[in-house]
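Input: a single structure, listed below in structure tokens.
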Amino acid sequence: MGLKFKPLADRVVVEPVEAETKTASGIYIPDSAKEKPQHGKVVAVGNGTKDYDMTVKEGDQVLYGKFSGTELKLEGKDYLIMKESEILGIL
Amino acid sequence: MGLKFKPLADRVVVEPVEAETKTASGIYIPDSAKEKPQHGKVVAVGNGTKDYDMTVKEGDQVLYGKFSGTELKLEGKDYLIMKESEILGIL
Amino acid sequence: MGLKFKPLADRVVVEPVEAETKTASGIYIPDSAKEKPQHGKVVAVGNGTKDYDMTVKEGDQVLYGKFSGTELKLEGKDYLIMKESEILGIL
Amino acid sequence: MGLKFKPLADRVVVEPVEAETKTASGIYIPDSAKEKPQHGKVVAVGNGTKDYDMTVKEGDQVLYGKFSGTELKLEGKDYLIMKESEILGIL
Amino acid sequence: MGLKFKPLADRVVVEPVEAETKTASGIYIPDSAKEKPQHGKVVAVGNGTKDYDMTVKEGDQVLYGKFSGTELKLEGKDYLIMKESEILGIL
Amino acid sequence: MGLKFKPLADRVVVEPVEAETKTASGIYIPDSAKEKPQHGKVVAVGNGTKDYDMTVKEGDQVLYGKFSGTELKLEGKDYLIMKESEILGIL
Amino acid sequence: MGLKFKPLADRVVVEPVEAETKTASGIYIPDSAKEKPQHGKVVAVGNGTKDYDMTVKEGDQVLYGKFSGTELKLEGKDYLIMKESEILGIL
């Protein structure tokens, strides 16, 4: 499968995971972030730039700031597109 | 065919696609963007700069932020001219 | 002929074309720009800088943003002087 | 043991130490910082960037500014994630 | 002759020409600049910096922005000292 | 002896000298700075960064701006931690 | 003789010359600067930085902007410490 969308430069597309989701390893996102998920799955990754090599890859579970990214509807689903530098880390 | 206009540096000219348009693969742009299209077709591409190589090419279907670019009328039609860095990705 | 003025660094001198002007290929500038031309002819070009090589040359028809450049009267005529990076592209 | 979270780029995850804590070497954090700890233990370290090599390592006791970092709940515990450049030094 | 003052780095000292002055080639400065000259003669030039090589030389007639430079009295006369990057071009 | 604290990157820890102090060579700090010392002794020095090599060393008597640095209590005493670039010079 | 103070990096220490002073070559500083001298003698020079080599040397008579530098009392006398880039030129 996979998305038919290629982010440009150092951008990634993230599929947000709902706040009530709890991973197998028992990870919760902070209470204060309930209304907007901060946990998501990377579904598309750009090629980076001259100055920036990409680290995350498709399928990575990532955490990102509450106000990161721009909303994007692709093939009927809601995603976020953001610069990789807005991703805090990989679960 | 093709536009008789060559964007300078890292700029591209984009022909906006109307919001009601729906591509074959079923892509919609977000509801909140109805009044201004965020989806367009690249019709002219600059040569890049010392620090920036261009990625998009003529004919690419691209997504871009709601407030990206400057309006431009060329040969009687409305276009947007923007830096390639304002393009989020290629459909 | 030519202007007896050499712009410094990455600057160009542009002779604005009146808004009512229409080129052979039928180019119009946007209605909202009526009071100030955005279309002009390059009449003098600087030598660039260590970081910037010039692209436009004398005689090029160019488009530029409505608020670009500084007004300049040379040999009795009105011109604009601007950085080449303010020029959107070549017609 | 160890956290199942890998900070991206030049970020580190710090486990804050309560203000009433006093290390064996008698270190206190300033009175004015009572309500928010400035002393913590590094529990995860990113790989750095092209321009920045990491200095701290897991287990380091560090001091950081009162407003440094973003709160993060991982596996049921509260942490801070911050850029290494926000860490003042190693105890 | 010459000034006994050596501008530092990428600075130049300019002797302003009064607004009513008209050069042999008929150059006028814009009406809106009457109260402050924008045309002057370069009387001293710095050695440039690591990142900037000087272009103008002593004796050059130059145009500069209305608010460019700092006033300076040297040997009883009024001058302006400015960065070369504030000079628009050479007449 | 020495502090059990290693400043990160281009930071130094300074032990402020009280305003009424007067060195052997008769140095006074300005009157307007009475309420906050601007003179101190370097007690710990970071390793610098890729772009910045450290100049001061432990034991140096330094002057620094009135608002430089962040207060820090280490082993029961008050210090300031600051970037070396905030240090004006060595006495 | 000389000052027992070594400015750090690209800083210089300047001994201001009173406004009523007039050098042998008849230099005056502008009237509007009467209340604060803009003319001084360099009494100590830093070693520069990786990106900046020093130009002025001890004993140079320099001009600097009215608001340049920070006041500093050393060995009972008033000085200014400033970055060399704030010095306009050498008399």
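What to note about this one:
Here the chain labels run A, B, C, D, E, F and G in written order, and each chain numbers its own residues starting at 1.
In this section, a residue touches a chain if its C-beta (ideal position, glycine included) is under 8 Å from a C-beta of that chain, and two chains touch if they have at least 3 such contacts.
Computed from a predicted structure; not experimentally measured.
Any chain touching chain E that also touches chain F appears here: G.
Overlaying chain D on chain E by C-alpha atoms takes a rotation of 155 degrees, rounded in steps of 5. If you average the Cα atoms of chain B and of chain E, the two centres end up 43 Å apart. The centroid of the Cα atoms in chain C and the matching centroid in chain E are 24 Å apart. Residues of chain G in contact with two or more other chains: none. Around the ring, proceeding from chain E in the sense that reaches chain G first, the chains are ordered E, G, F, D, A, B, C.
On chain F, the positions that touch chain D within their shared complex are 4-9, 11, 13, 44, 46-47, 50, 70-76, 81. Note for the complex: chain E touches chain C at residues 25-32, 51-53, 55-56, 63, 65, 84-85, 87-91.
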